[in-house]
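Structures follow.
After this come two complexes, each holding subunit A, first together with subunit B and then together with subunit C.
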Partner chain A sequence: MARLPLDQDSQAIELVIPSQLPAAKKLERAVLAELEGQRFPEVCRFATKLALEEAITNAIKHGNRNDPDKHITLRFRVTPQEAEIWVADEGEGFDPNRVPDPTLDENLNKPNGRGIMLMRAYMDKVGYNQTGNEVRLIKFNRR
Partner chain B sequence: MDAPMERALRVDVQRQPDVVVVTVSGSATMEMSAELNDRLIETVQDPIPLLVIDLAELDFVCSEGLGAIVNAHLKCMRQGGCIRLAGPTKPILELLDLTRLSKLFSIFPTVDEAIKA
Partner chain C sequence: MSEQASHLEVSREGGVTVVRFADRKILDEIPIAEIGEHLTNLAGSEPRIKMLLDFENVEHLSSAVLSMLINLNKRVGEQRGKLKLANIKPQIYEVFKITRLNELFDIHDTTASAKKSY
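Let's look at the complex of A and B:
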């Protein structure tokens, strides 16, 4: 796992990992440890863990199409006030506004498609870059 | 600093006459949801009238884990059976409500109540 320091002002950490679940899990632990260190409450850590898992799963499955030779880039910055996380894949991107609403009656029976909805429900801000291959997640520390 | 360790996923299957109770405990993470899916699908391989999934000890579930439960529900339903959920904790119940899966599944406070309903 490559760890690259970003500019000091941003206090962000960047990690580049293979597009595989075990490597991604280590990365998730690194982010959650920062939240623990900044005394984010359990409810915020649960929400961030969930959103991060959804972002990583989407990056591996849909962005990088399960290609283990591709990579995921994660940047994160955790302050006592907020956690800001970016997850980028090497895919072509997508339009998040065209993803079907999984909470509609006709979609409840579908096993997939709840990831983006959960990120939006559990984080305070969710945004995508123009290409749609990088998601930015923000969670405020509400103690 | 390390994040607190999450509890490993555990899936226990108890077969009783006319009902199968599957106890899912620990964390159904992105890494472990495929295993949950396999265990649930294996459980509903043969037709069963009622499958109760005990969620009382489930700490965490991602969308893939929820998808595993929906998958089992579809297979069970096609064979004339049904799935009921029991004992979800507040965060898991909130997840089920937000996704509106609480509309798809009947949810009961305990396994006994789910069996007797």
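Let's look at the complex of A and C:
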């Protein structure tokens, strides 16, 4: 586990795992432990856990196509005011604006396609890099 | 009559197959595919099955779980059965609302009201 100084006042933690869901659980626990340490309320921790799981699942399934030889890189920085999380995969990326809206009537019965929507619903900010293989999530602390 | 397998408690109550998630971490730590397979097999075991999922112990949800439930709902439908959900905590119900899946699934406040509605 490496600490990367972003600036003088904050440090990000970086974790790298193979593309396997059990390993991803360790990432989630690390982030949630930091949130708890900074006294984020349960509602914020629930939201972050949900969104983070979606981001990691997307990175594993779609970004890295479930290839265990590829890796997920998680960076996160938690302050008393906010949690900032980056999840990157080793895939070619995609255009998040072209993902169909899962709440449309014709998509309700489709089993997939809700991950990005849930991230946007539960986090305060969601953004992708230009390639589309890294997502940045921000959750403000609301006590 | 009840059985327990894969952290699911399955019982027959008045002609309804009630499935309880036995452990509050079940949907968090047990692979969703494993749970989905068990429930799908259960759905396929009885024509016109009346299946009720009790969410009392569920404290976490993900799109993978929603996907599993949608596929299960389809399977129950193929058997000309009916799937209902009950005892969903407000924070979890919110996920169904945000995704509009509260309109797809038959969701009840309590297992009692769900059983009466079959």
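In the analysis below, the second predicted complex is superposed on the first by the 133 of 143 C-alpha atoms of A that agree within 3 Å, B and C clash if a C-alpha of one lies under 4 Å from a C-alpha of the other, contacts with A are read in each partner's own complex, and residues count from 1 in each chain.
We adopt the following convention: a residue touches a chain if its C-beta (ideal position, glycine included) is under 8 Å from a C-beta of that chain, and two chains touch if they have at least 3 such contacts.
Given the structure is predicted, the values throughout are model-derived calculations rather than measurements.
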Superposed on subunit A, are subunit B and subunit C clashing or fitting side by side?
clash
Quick one: is A:D89 in contact with subunit B, with subunit C, with both, or with neither? Answer first, second, both or neither.
neither
Tell me which partner A:K25 touches in the superposition: subunit B (first), subunit C (second), both or neither.
both
Between subunit B (first) and subunit C (second), which, if any, makes contact with A:T103: first, second, both or neither?
both
Which of subunit B and subunit C A:E134 touches, first, second, both or neither:
neither
Classify the contacts of A:T57 with the two partner chains as first (subunit B alone), second (subunit C alone), both, or neither.
both
Chosen between subunit B and subunit C, the partner touching more subunit A residues is B
Under the stated touch criterion, which partner chain does A:G115 make contact with: subunit B (first), subunit C (second), both, or neither?
both
With both complexes overlaid on chain A, does A:F46 touch subunit B (first), subunit C (second), both or neither?
both
Which subunit A residues come up in both lists, the one for subunit B and the one for subunit C?
21, 25, 43, 46, 49-50, 53-54, 57, 102-103, 108-112, 114-115, 117-118, 121
Where on subunit C does subunit A make contact in their complex?
29, 31, 60-64, 66-68, 70-71, 74, 91, 95, 98-101, 103-104
For the complex, which residues does subunit A have touching subunit B?
21-22, 24-25, 29-30, 32-37, 43, 46, 49-50, 53-54, 56-57, 102-103, 105, 108-112, 114-115, 117-118, 121
Can you tell me which positions in subunit A touch subunit C when the two form their complex?
21, 25, 43, 46, 49-50, 53-54, 57, 102-103, 108-112, 114-115, 117-118, 121
For subunit B, which residues count as touching subunit A in their complex?
1-4, 29-31, 60, 62-64, 66-68, 70-71, 73-74, 91, 95, 98-101, 103-104
